[in-house]
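What follows is a group of structures, each given as structure tokens.
Common to both upcoming complexes is chain A, partnered first by chain B, then by chain C.
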Partner chain A sequence: MKKMLSVPVILFLLFVSGSLIKNTYAQDTQSGKTAMNEMLLAYYYPQTDAKSEISMRIVNRQGQVRERRLTMLRLNETPGGGQFYYIYFHEPADVKGMSFLVLKHLGRDDDRWLYLPAIDLVKRIATSNRRTSFAGSDFTYEDVSGRALDEDEHVLTGDENLGAYSCLVVKSTPKRPGEIEFSYMKFWIDKTTHLSLKVEHYDLKGKLYKVYETQEIQTIQGTPTITKAVMKDLENERYTEITMKNVSYGAGITSDIFQERLLRRPPRQWIGE
Partner chain B sequence: MLGKVYSLIPRGLKPRLLRRGWLWPLGHSALKEYLALAWVGSILIVFILAISGSEVLFAEPATPDVLKIGSISQDEKKQADSWTHIFDSVHGFIEAVYGPKFSGDKLTQKNDYNLLEQRLQLKVAYRPQKPAWLASWNPEFFYKGDLLSDKYKETLRYQIREANGLVSPLSWMDVKLGRQILTWGTGDYLFINDVFPKDYESFFIGRDDEYLKAPSDAGKFSIYNHLVSMDVVVIPFFTSDVSINGDRLSFYDNFLGRIAGKESNRIFTEPAVQFENTEIATRLYRNFGEYETAIYAFKGFFNQPVGIKNESTKEVFYPKLAVFGASIRGPAPSVGGIVSSEVGYSDSLQDRSGKNRLIENSAMKYLLGYERDFQKDLRAGIQYFLEQMLNFDEFKANSQSGDISRDEFRQLLTFRITKSFWLQTLEASLFTFYSPTDSDACIRPRLAWQANDRWRFIVGANIFFGKHDWTQFGQLEGNDNFYIRIRYGF
Partner chain C sequence: MKLERLTQIVMGHPKLVIGIVVAISIFFMAQFPKITIDTDPKHMLPATSPVRQYNDKIEKDFVLHPDVIVLGIVNTDGIFNPQTLKYIKDLTDAVRQIPGVIVRDVDSLTSVENVFSKEGELVVKPALADIPQTEEGLSALRKTILDNSLFVGRFISSDGKAVAIFIPIEPTANGKEIADNIRAILPKNPGQNHFYLAGDPVARDTFGTEMFRQMGFFSPIAGLVMCIALMCMFRNVVVIIAYMSAAMIGIIWSMGGLIGLGFPVHIMSSMSPVFLMAIATDAVHIFNEFAFRLREGQDKRKAILETMKVVGSPVFYSDITTAVGFAALATVTIVPVKIFGLVVAFGTLVVLLLSFTFIPALLMLVPEKHILKLASAQGKEEKFYPLLLRLGRFCVEKTKPILLVGIMLFIVAMAGLSRIHVNNNMVHWFKFNSEVRTADRVMNKYLGGTSTGYLVVQAQKDSDAGDPAFLRQIEGLQRELEKDPLIGKTFSLVDYIKRVNLVMHDNAPLFNRIPDSKQEVGQYLFLLQSAAKPRHLDNVVDFSLRTANIIVQLKIWDADAMKSVIGRANSFFASHPLPEVTNFKPAGIAYFNMVWNHEVLWGMVSSFLWGLVLVLILLVFVTRSFLWGILSFLPLLFTIALIYGVVGLIGKDFDMPVAVLSTLSLGMAIDFAIHFVGRFQQRYKEDPRKPGGDGWASNSPSHLKEALIWTVARPGKGIFLNAILFALGFAVMVFAALTPYITVGVFMAAIMVLSSVMSVIYLPALIQLWHRKLIK
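Here is the complex of A and B:
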């Protein structure tokens, strides 16, 4: 009799706990937001300033390769807040010497300038749309400099192991869906480093069309840093590989350098030749 | 003194070209010579390609090299490094352009085409680490030169685009001396406070946008401060715009009172090279939040020959000019995009009353611009430009029959639309100038395809419309053209 009872009780308990867990995940926007916030801080804001040399390989459907090489300087105003970015292009030759200055703001459009050395022109760039391709790659401006936490609803949907990494899975849905070309994104966020290891982009019809994957993480000056990643465009069968080299934190970058002068006179101490 | 001697030489032979670089006329029976030069050119090109091809070899990372060359003495190693350095920093492009004319007015030197040329551009930067005092100034020397084989002019020209040194004697100061390209202001193909020389001939025949800006031999002194920053540009040697003179593009010659081509024989007098003819341009600028503001002042000369020295000998000159202006640029509130505004008072110093009908009057110029981006790599921009001739009553009272009739207000609208495809490797754009007051327009469609990191193909056109023969774009109506350009960058 005891045995007879215990089986349905256990089954019931299992069912209840299962649905409870499911429920907590389904409604867990708070922990979704927390996880996403930790990811943004780990990925876009580590330390106060950073310098890295970035190489991109853009490979199209025919296997033709285009390459970009650039140096990026970053400085945080506040952790999770506004940021300064400076990007100097080394390659290919036709864009060598061109540079970008971006002042990223939360809550309003970024300020962005482009310098064209051949005509000594400092051009102000309109930035209403941050989903455009960055330097002709499969990454968008937003992929490079981050998407504001409050633009999406973040829901923790479960945990999953990705290889040896134990990850939180977060589904992010834009709050204003009409303005954006994806319906939602799914992030696999490593529980230890808080870095996203995989991001799936779903289009407005709910079809997976773009996948980001982290390929290498190195601990640099005590900070876990993604040093190799790929963005695959499934629809157009192309991808962009991005590699970060010579990453250094605490390079001594200060806010007073992020002005027009930086564009016309690249800071050789950080960008080299 | 020099200026006076120069003034007697007709435009086509003016030494200004010589000053900008060397010029070898090819002569008329020059096919053989042309081939020889093409041969020299191709050797150069092959040489450059060889260098660029072996770039990877030169640029091998330093560590394995050190291991490999352990037995080589330090000095030799250093030398090898410096050569690596030099080769690695030579860049540029070669290009070929063909720009046929639509059936035009057949008044220019060649009637079938505007452009048939090959160009080799080389640029190199050098940052010396010695001596110590210089190194502490963070010096940077830059050189950019073009070898141009120009079938239209039947010349092979070498033009130095830039040759300058840039140093920071103090942490808050930069000094750039030498030949340089100078740009400021907020306009898109429209200039109010940017008083630096332009090459409108290149612009309208389909050369790359780079060639709209002509270099200046100048010193630029920049001071940076978080309160206000300042540029002072000193131009000791006057450089005029490369204006349209009938050789390549026919235009309205007011001496002849009609559209003229190669028969136009105006004589241009440039200001003499004298201390008091040094041009000075300054800009004070700072940001207020996301808004960039600047004020400008300039004293020098008009870049266009808008003064007549002697009507009977058809002598024109560049009158004295001062410009004072201001600009602001920043995000458009609530709608997104970038809005800009610029204003300038152009003070015609040799005709401040406006009574002299032979010299351009003073003017007020206003510019309002708006640009924004849309989804899927689409950008659009619009500008409204207004020019008011000052002392218009004097202008009217003193005009004589045969003088070009003008309105007090000239309005100009521009529209730009750009769309990129295939991850920004294909770009289609259309730029339009339209003046409702002059009833004229210029349309510039362009399609550029970046086939890979080195090859680029561009086609485009310049098409002009106008009700009258004497307006800015109306006078160019007989010069409609299109162009095809192939460029290899390295």
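Here is the complex of A and C:
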């Protein structure tokens, strides 16, 4: 009699625990996705528009340095949706006046234009590759403009303290592996600001090859903003430091400045010399 | 002679002596498991060498991988078909999974970005992304890829029949193991597609692995052949055991010592066992004389002592000269050669010690009846004796014609010597049809070249490398270099800049050139940084735009090819001087090979000359006469001149194995002259039938002739037996799969046979000619 009873009990327990495990897993991916979405919004979409001056220092293994200075204007179409970017380079001297226009779309390739003052030429760039280097730095184009949420499977793997910050750790694995040079990334996302404080990139053999670290966060116009960060390429022993200055939100940037013909005549209202 | 005392002591305690020798051997044998090997040609030069340090710096500064495997796919119908394209894609992905491969830097058409102009737009996408399935799609793809001059000759052949996947590997990884792993993932039924693996790490590490297989195989075979030859000569197992154990102990002590001291085994030292086996054949002189003495009715103990008394001195001095010849290699800067010389020199001394201790002790322990068999077996060999007697008579009587032939041969040899060509080619260490050499040949037929050199051009100050004038000069240099048919492709910052200029202007051919303003160059460079992998640009220019690197692909591994690169660069800069160019410096594996090749030559030449001088001094010392020293020296000189004369005449390159042999041949070839002269002098002094007077005072021509004939016939037999044994041992290496071993086998056999013939034929003639001065 006891035995007879025990069988359904075990079966029941198995079922319950099975669905529980399944549930926790589902919750983990769910909360992973949520955490990642919050990060993307906090990192790439704060406020409707933004203007910032960015300095980059790229250092190679010989210790030689390349510097870049640029102004970036951003306007969101919808939160978490399409975006407009206008990027104008001030330095180095020989690229002064070069500019990029990017209309970022979700679900399809972005529209990109480029202006080369040396030959006074605006050129449309057709590419689906978002993993190329941004202006020769260790940041990719995608690191600067954001990677679509749906491209990866996000799993919340736990909590961890990073210095004074309490973080969620999310592991993001590409849904279409083989098209990309990393096998997964690991994000440390600050629970209060939702900004990522550290990102580790693992190559196809699972070896860590690139590390992003946030070095400074300032609250600007009530918005926690990363003002200093570094990306290190461990294999090539290079790194890029990026510094944000004169960040302003809600300045009233309008969509009419994001036009290819304006690449030749940058909007002086926003972009100084 | 103190060594005779040693022999006497040994014969009192034969078991103890053998016990001690065995104990020491066990100690050295215990070192073997610690063995490490090293086949990297870069280690030919010491770590402190400026060339090596500069090369390391260039590789580091320009993020160049020192070890790159090239996987080639050839389809004679063209690679633009869905099947081959899929292979490229799948293999590029698959090789990344192999341990030791530097994942992110694997480069092929699927991983590099192609930047091209299409309907006024700038398209940036992987050169090979989605595989087209239609004819139109395939031909469009063909066009976009072959239109990009950055790819042609590097990633794809200009006829579209071959592609290359570049697979950089970790410095600590083994190229052969990775190559084997790649072979394992190659498609099983590839149809029209053929796969080839080339590149320095494959050749180098395959050679390393093969080297041990070959030596593991040929050392025992050589030993076996020598044993069989000994068996035929002496019909006695004791002799074989004595010889084999002397050889084995010599090998165990020297190799054990090498490994125990923590030195890696290089290609040269891997050959030491065969050399030591050959050197140990010197013991044949002992057996030969011992057998003669026994037959003459002496008892065993007395026969041994008497044998050591007469043979001891020549054996001692010939081994010492051999050791000196090898030790002379220690003066060379090439580390592996230095180590090899010292190892064999040490082994030779071990063999020498054994000849006076271990071998007599062993002979003492052998029961009388076995020994008697040796004596009777020798007796049956009498027929060899009359033949040599006749040879002796011939030599003594036909002095003039013999010398004349010698002079003529010498003149021919000199002509050959003047034609010697110094060169080295690592891929040619493999046989023509071997997998490695075939892969290299096929890859070089289709693509720019498997051997790489760098020309690093430094401008006067930062950002000067972006100056159009500077770039034009680099371009001019590239075109000049490419005139050499062996230089398949050159590659620099210029090629990138021209490519951007072209595509920014919608492929208008007019713009396939360096732009006129520095600003334009700067903006193109900026664009490139965003389109290419940062590393690709870092390969050709540094951050401060001061130093540019021209990558030169060579279709041949000959050291000469890089010499041509440097020669052309020098003359180009001489006729196109520009203030911007403060200097240019070569680097890369091709340059490396050129440098150590040069070092080998001069190192060898100087150590060879040193060796000659040392041997001559030793000979004068041994014979206690300047004239006798010179006389014994001549057959050696003659042998070497003839051998290298032939090398020059048949057009074989004077490469590393040949160069090393030159020094080795010294100590080995002189042995016979030492034996001949030593025994002749003894005979001449002791001959009971001498007509009158005492010793050297006697000057009767008939007595002289008789002593010479006796020397040709009796010790001459030992000399010939030794030479044949030696030659046979080396001759088996002709069947080796690696050409340096074949070279060594043929050469050493030739040197031995030739020097024995030279000694036995020319020494009587020369002694006859100079006897008035020689024998006062």
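Methods note: the second predicted complex is superposed on the first by the 246 of 273 C-alpha atoms of A that agree within 3 Å, B and C clash if a C-alpha of one lies under 4 Å from a C-alpha of the other, contacts with A are read in each partner's own complex, and residues count from 1 in each chain.
By our rule, contacts are C-beta pairs under 8 Å (C-beta built on N, C-alpha and C of every residue); 3 or more make two chains touch, one makes a residue touch a chain.
What you see is a predicted model; the values in this text were computed from it and never measured.
Trainee: When the two structures are laid over each other on chain A, do chain B and chain C clash or fit?
Mentor: Aligned on chain A, chain B and chain C clash with each other.
Trainee: Considering only the touch criterion stated at the top, classify A:N161 as touching first (chain B), second (chain C), both, or neither.
Mentor: A:N161: touches no partner chain.
Trainee: Go through the superposed model and pick first if A:T219 touches only chain B, second if only chain C, both, or neither.
Mentor: neither
Trainee: Which of the two partners, first being chain B and second being chain C, lies in contact with A:K207: first, second, both, or neither?
Mentor: A:K207 contacts chain C only, not chain B.
Trainee: Of the two partner chains, chain B (first) and chain C (second), which one does A:Q259 touch, if any: first, second, both, or neither?
Mentor: first
Trainee: Once the shared chain is lined up, is A:P92 touching chain B (first), chain C (second), both, or neither of them?
Mentor: Both chain B and chain C are touched by A:P92.
Trainee: Examine A:T132 and indicate which partner it touches, taking first as chain B and second as chain C; both and neither are also allowed.
Mentor: In the superposition, A:T132 touches chain B and chain C alike.
Trainee: Could you say whether A:T192 touches chain B, chain C, both of them, or neither, answering first, second, both or neither?
Mentor: Neither partner.
Trainee: After superposing on chain A, check 312-320, 348-356, 510-518 or 600-608 and name the one in chain C that bumps into chain B.
Mentor: Given the superposition on chain A, chain C and chain B clash at 510-518.
Trainee: What is the shared patch of chain A, the residues that chain B and chain C both contact?
Mentor: 58, 60, 64, 66, 92, 94, 118-119, 121, 124-129, 132-133, 136, 138, 181, 238
Trainee: Taking the complex as given, what residues does chain A use to touch chain C?
Mentor: For chain A paired with chain C, touching residues are 58, 60-62, 64-66, 89, 92, 94-95, 98, 114, 116-119, 121, 123-129, 132-136, 138, 141, 178, 181, 203-205, 207, 209, 233, 235-236, 238.
Trainee: With touch defined as at the start, can you tell me which chain C residues reach chain A in the complex?
Mentor: Residues in contact with chain A: 60-61, 63, 93, 96-97, 99, 102-105, 113, 118, 120-126, 466, 504, 515, 517-523, 526-527, 529-535, 537-538, 542-544.
Trainee: Mind listing the chain B positions that touch chain A in their complex?
Mentor: Residues 85, 88-89, 91-93, 125, 127, 138, 140, 166, 168, 174, 180-183, 209-210, 212-213, 222, 224, 226, 229, 285, 287, 290, 292, 329-331, 336-338, 340, 371-377, 379, 423-425, 450, 452-454, 456, 489-490.
Trainee: Which positions of chain A touch chain B when the two form their complex?
Mentor: 58, 60, 64, 66-67, 91-94, 96, 103, 108-109, 111, 118-122, 124-129, 131-133, 136-138, 181, 238, 256, 259-261, 264-265, 268, 273
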